[in-house]
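Working notes, beginning with the structure itself.
Chain nomenclature is as follows: A, B, C, D and E, assigned in order of appearance, with residue numbering initiated at 1 for each chain independently.
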Amino acid sequence: MRTILKVDSLVKKFGGLTAVSNVSLQLKEDELVALIGPNGAGKTTVFNLLTGVISQTSGTIRFREKEDLISLNNKKAYQIASLGCARTFQNIRLFKNMTVLDNVLVAMTNQYKEGFLKSIFRFPSFYRTEDEILKKARDLLAIFDLDKDMYKLASNLPYGIQRRLEIVRGLAMQPKILFLDEPAAGMNPEETADLTRLIRKIQKQFHITVLLIEHDMSLVMNLAERIYVLDQGKMLAEGTPSEIQQNKAVIKAYLGEEG
Amino acid sequence: GCSTAKTASKGNAAGKTIKIGVNMELSGAAAGYGNSQKQGIQMAVDQINKNGGINVDGKKKKVSLIIRDNKTSTSTSASVAAQLVNKDKVNAIVGPATTNAGTAQIPNITKAAVPSVSPSATDPNYTLQKSGKVQPYVFRACYQNNFQGSTAAKFAYTNLKAKRVAVLADNSSDYGTGLAKAFKKAYKGKIAASQYFQEGDKDFNAILTSFKNKKIDAIYAPGYYSEIGLIVKQARQAGINVPIIGSDGMADPKLAQIAGNENATNVYYTTPFSTRVANQNGTAKKFMKAFKEQYNEEAPTFSALAYDSVYMIKKAIENEKSADSAKIAEGLTKIKNFDGVTGKITIDSKHNANKPIVVETLSNGKVSAATEIK
Amino acid sequence: MEVKNLVVNYGVINAIKGVSFEINEGEIVSLIGANGAGKTTILKSISGLLKPTSGSINYLGRDIGKKKAPDIVAAGISHVPEGRHIFPGLSVKENLQMGAFLQKDRQQIKESMEEVYEHFHILKKRENQDAATLSGGEQQMLAIGRALMSKPKLLLLDEPSMGLAPIFINKIFEIVEAIKQQGTTILLIEQNAKKALSISDRGYVLAAGEVKMDGTGAKLLGDPAVQRAYLGG
Amino acid sequence: MQIFFQQVINGLSLGSIYALLALGYTMVYGIIKLINFAHGDIYMLGAFWGYYVINVWHFNFMLALLSAMVVCGICGVIIEYLAYRPLRHSPRITALITAIGVSFFLENGMAYLFGSNARDFPQVVKQVNYDIGGVRISNIQLEILITSCVLMLILQLIIKRTKMGRAMRAVSVDNAAAELVGVDLNRTISFTFALGSSMAGAAGVMIGLYYNSIDPLMGLTPGIKAFVAAVVGGIGSVPGASLGGFLIGLLETLVQSIGLSAYKDAVVYVVLIVILLIRPMGIFGKNVKEKV
Amino acid sequence: MNTLIMVGMIDSFIENMLVTIWINIILAVGLNLIIGFAGQFSLGHAGFMAIGAYTTAIITQKTVSIGGFYVSFIVGMIIAVVAALIVGIPTLRLRGDYLAIATMGAAEIIRIIINNMKITNGPAGMFNIPQFATWPIVYVIMCITTIITVNFINSRGGRVIKSVREDEIAAEAMGINTTKWKLAAFVLGAVTAAIAGSLHASYLQTIAPNDFGIMESISILIIVVLGGVGSVTGTFLAAVVLGILDTVLQDFGTLRMVIYAAALVLLMVFKPSGLLGTWEFSIRRLFNHIKRRSV
């Protein structure tokens, strides 16, 4: 397994507050890793740094592009996304007033070309591309049982389904890495169990690396191959689920007695 | 086109009444002028009808007015004109007030062969086609800018002996810029400064202050009373006491009210319509009196010009003995020494209204002298 | 408090189809149910954010169904809404002060604030930070803290544990029980039904806008149907 | 040098009027995110009210000013109640169009009732010029400057120190949350409109007196300028609106004094755009951070 | 239509009304693209319209031929693109009302420059512009620009700009260069405005700087919002409704604008999302509907 993402001594300061301090981590191809930590530990901030939503104070982020690890420093969010990094958001950010299908199609934007003239004058090839891409989107939606809601507005979906759609939208980008920020938030145990199966399926079927943030330990412990624990911006521990569950420091800072 | 007309002749034939359409700026930026004109038009038509109507080849016909608002917009003006000539089948149009709205109606009225008389469109080219030929259906009752501007230049140089002037012109219509251009061209002295303001501006202190150390002998300020009144006021308050010269847009009793009587001194403007002259001119005197009775205020110039526009149409109908629109157009071209409120009007080959011009002097808010400029 | 035949519509959507339940003074009552069952809608109706279509909400003998939100707050009902709704752009401290908007006694406001900081140490640390930039969990704590600032007699909690770390979830439930000890009545919505029911005196199970079942917390916890549907097997 | 100071005085008195109008804009915008297009027309109403009470009821200036503030405040509340409140949950752009409609209605309604000609405002306060080292300033200019500053201070105090002020700030960021802590939404919004509109009313009377000419369209241009001022200063911020107003007044004066009067407005807009590019939220505007 | 004119049903008055409506449709569809679909609040549409209008006026007065007219068309579009880039690149970073004010300022700058130029004849404006834009030409061009805009909206580009409208951060996370796409929509809208301006100048034969002020931008905005932000069909409907209302109100003289204003407020209060909301007429749907009926 090759390393796909390598983060070295990442630091992010907001004014006087150091939200992320000297964090290093590595992801291998096809790995499923969790990032946990108490509230305000800096997890979402790490995601934002990795996906270029904000830029780091110092440190490097490198990402595999063919044979090399290239630096993502100073790259814009859309450039990083185009390289193959997809994400979901802690507060759902779907394109609310667009259909489920359009949400997915937008994510596929960079996978097809449809010249301006071709589309405004509707050359036959326009319809060909359009049909092709439509089929792809439909197939993907079908895998996640969303094809029946294809023409519904995203905002009209129940909360749990919206979360699922956000994941599908990420997948539609054909990413190499998928970052999931609290995918199970607001779901009941039943739905969480569903989601767990879903994520496992994705990883099997699409062979992508997944990094996820989650407070629901049933999901994390079931899924993750490795876990990073962040606390007050610093890396507190790293290890397999069982190692982490035993770790005193983690129990104290995060899991609590019952954990 | 007008397929229903029985006669072979072009244009709208007269029916039982003579229809006069009004395409006027009743809302929008020029509404103030438009509404003054509407009052003049209304009064003229009321008077005519009270006297039995217009004599068309021996028969008296009443006049009916169709008043439409063009919102001070060119596209609306075109549409209003189309409605007037096609739907309402008017025989003649009075208006619009502004050159911009006026030119917009030309294609439509020309197609329908209905003449229009604008009380106040002052651009020199308003009545002309691109080739320089005259627009057959376009007339006006006012001066064109070049005439007034050059008269003011002569007056400033010769009568006031002003060797250095500052020009402060309204930059939001052709009126101010056109007059300023004509003035600058004809003026023999030195233009010490040249600045612009916009319609609706209220504060001229900055510009006036900048004039202060320019050693000027006079200010030429072509524009309308609402702004020039403020300019006069603010100039005097800033201690600028040189003569202020303007144009007929100032010829309104409101000017002195806005400026304040004590400030409205040493103020001059070119105008056809002088209350001084009015006392000698029977028509004007009657008009002034009637207006005051009806509207309870001094007649503004715009009302006078609009009033004359209606009577010019009446005169044309009487001369031609026909109220068909094409005939009215012909009649208008032949108007000579017509005794209007704003002076003795003669329509020239370019459809401009030639009439004597005077320069009125304001002292303490009152007209104290009227000098005729030849 | 007593809610009778509550019906709430969103335009043409009939979200709550005649729900009745009651809360006795000093109790913790849980509402549980799947996503979209209508739990949030009921809470919003009680706190005056939504106008019920019909039915009555009786609080200490007064019908508050038609009252506006501020009057309801004044009557001692405080709501921690879903989605937090903290004041972005105001600092943590200002947010808490806003929570005591209807409170007059400055000394008491100060004490309440100390109490909130006691519960949530991290808020004290972030005291002057713009609330918009707090982490998800911190915002949740702030929302609860703000509701406590008004010294409510009845506290409505909409999924207070959402987005909180496990250690804080336990903490939240401890706090809820502590508040109850101080004499505050609590109406609780939770996805974490097991935990919620275990601290509740009574609970109601909601599905598709109707009450499907009710009973003491323990009874519902023991009910096989409830276990299957809401407790994750 | 004298000329320079004179121009500064000119700029400040022009600016104080923009500032006063900008305050109303900024408050209303701050609270319901509505560009209240009709704000300039409330100012016009204030001027006409002053005109009538002075001419017909022979009010003195102070009484005219205060009564105009009250009347305009009431007008603002009524407008909000009829035209904006029903749209509180609609897209903001809808409310904007309604505001434009209200503006058209006031302008044309007044033109219909009172004619669209300019009329002279009764000069209840005799103008006296003071000459300080060759720089002229009139008592009316001073009065406007002082009144504006006082009103701005009062406003700032209301917003920062009173309970209503806190309610206003709460509503402006999240009105559901504001209701939940016991803020009466309708009362707060009405109050804001009353306050903002009364500022406009005060400006209307002062302008009437200062320039001596009022007409139904007088609110249009200053209205837009004042909004620009509010944006430059950072919309929602009271000191920002004042600063923006003075800035634009000074800027216009500067441009005219160097002989570029034809481009006066263009320069103002250029400066506006440049400021927004450097500080997208205006000079004092709070950069609303969005946490992802 | 032609036959109607032949039999005299359509006189120049109706023609005038229709052409005005069509030109408004071109303008409003373009603005709806920017506001409704790309979610960028522009208040500067009249500025781009002015560019098209003046280009056509100047060129066709020099070269009086239909060829000159079409050349002026293209030149106007090119200048509009350049102007839109100059205005858009810096300002499209701004959000919401700040963008609106900045674009309004930009349009005013354009107008003031025109107002002070010699070649544009200053505030007096230009008249005696040869009329090449007859009603059939305006009609055809209205159809073409609408089809192009609608086709753009219903393609990859349209989906992308809608996603930018919905959530910029999420769109960036999809690998979309939001700046580029916002600019694309803005430029396309500006081009349609320039086209409308060319037609306006050539049809009306008169233009003046004051025709392209803030109020003109606002009246286009009113059409867009009244029809429904994000609905091209709604834009059509609103342009027609307002066009007719405007003509009918001519009879009311001074009261005209009072009634118009009251109507506007009432319409918005009772129909806050516009006449049609975001509903679109679709032939395919109609077809399906009829099919379902007949089965």
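Following the convention adopted for this analysis, contacts are C-beta pairs under 8 Å (C-beta built on N, C-alpha and C of every residue); 3 or more make two chains touch, one makes a residue touch a chain.
Computed from a predicted structure; not experimentally measured.
Q: Return the chains common to the contact lists of chain B and chain C.
A: Chains that touch both chain B and chain C, as defined above, are D.
Q: Identify the chains in contact with chain B as well as chain D, in label order.
A: The common neighbours are E.
Q: Measuring between mean CA coordinates, which chain is farthest from chain A?
A: Of all chains, B has its centre farthest from that of chain A.
Q: Please report how many Å separate the Cα centroid of chain A from that of chain C, as a whole number.
A: 31
Q: Can you work out the whole-Å distance between the CA centroids of chain A and chain B?
A: Roughly 73 Å, centre to centre.
Q: Using mean CA coordinates as chain centres, what's the gap between chain A and chain E in Å?
A: Once rounded, the distance between the two centres reads 41 Å.
Q: Send over the residues of chain B in touch with two or more other chains.
A: Counting only residues that touch two or more other chains, chain B contributes 27, 29, 35, 171.
Q: Check each residue of chain D and list the ones that touch at least two other chains.
A: 108, 111, 262, 265, 290, 292
Q: Can you list the residues of chain A that touch 2 or more other chains?
A: 44, 53, 89-90, 93
Q: When you check every pair of chains, which ones turn out to touch?
A: After working through each pair, the chains in contact turn out to be A-C, A-D, A-E, B-D, B-E, C-D, D-E.
Q: Quick one: in the complex, what on chain A touches chain D?
A: Of all residues in chain A, those touching chain D are 44, 48, 53-54, 89-90, 93.
Q: Across the complex, what residues on chain B touch chain D?
A: It is residues 27, 29, 31-32, 34-36, 171, 193-198, 200-203, 205-207, 209-210, 212-213, 225-226, 229-230, 233, 237-239, 254, 257-260, 300 of chain B that touch chain D.
Q: For a test of understanding, state which residues of chain C touch chain D in their complex under the given definition.
A: By the definition above, chain C touches chain D via 47-49, 68-70, 73-74, 78-79, 81, 85-90, 97-102, 130, 132-134, 146-147, 149-150.
Q: Provide the residue numbers of chain B that touch chain E in the complex, in ascending order.
A: 1-4, 26-29, 35, 38, 67-69, 71-76, 78-80, 82-83, 85-87, 99-100, 103-104, 106-108, 111-112, 123, 125, 129-130, 171-174, 176-178
Q: Please output the residues of chain D touching chain C within their complex, sorted ascending.
A: 163, 166-167, 169-170, 173-174, 176-185, 286, 288-291
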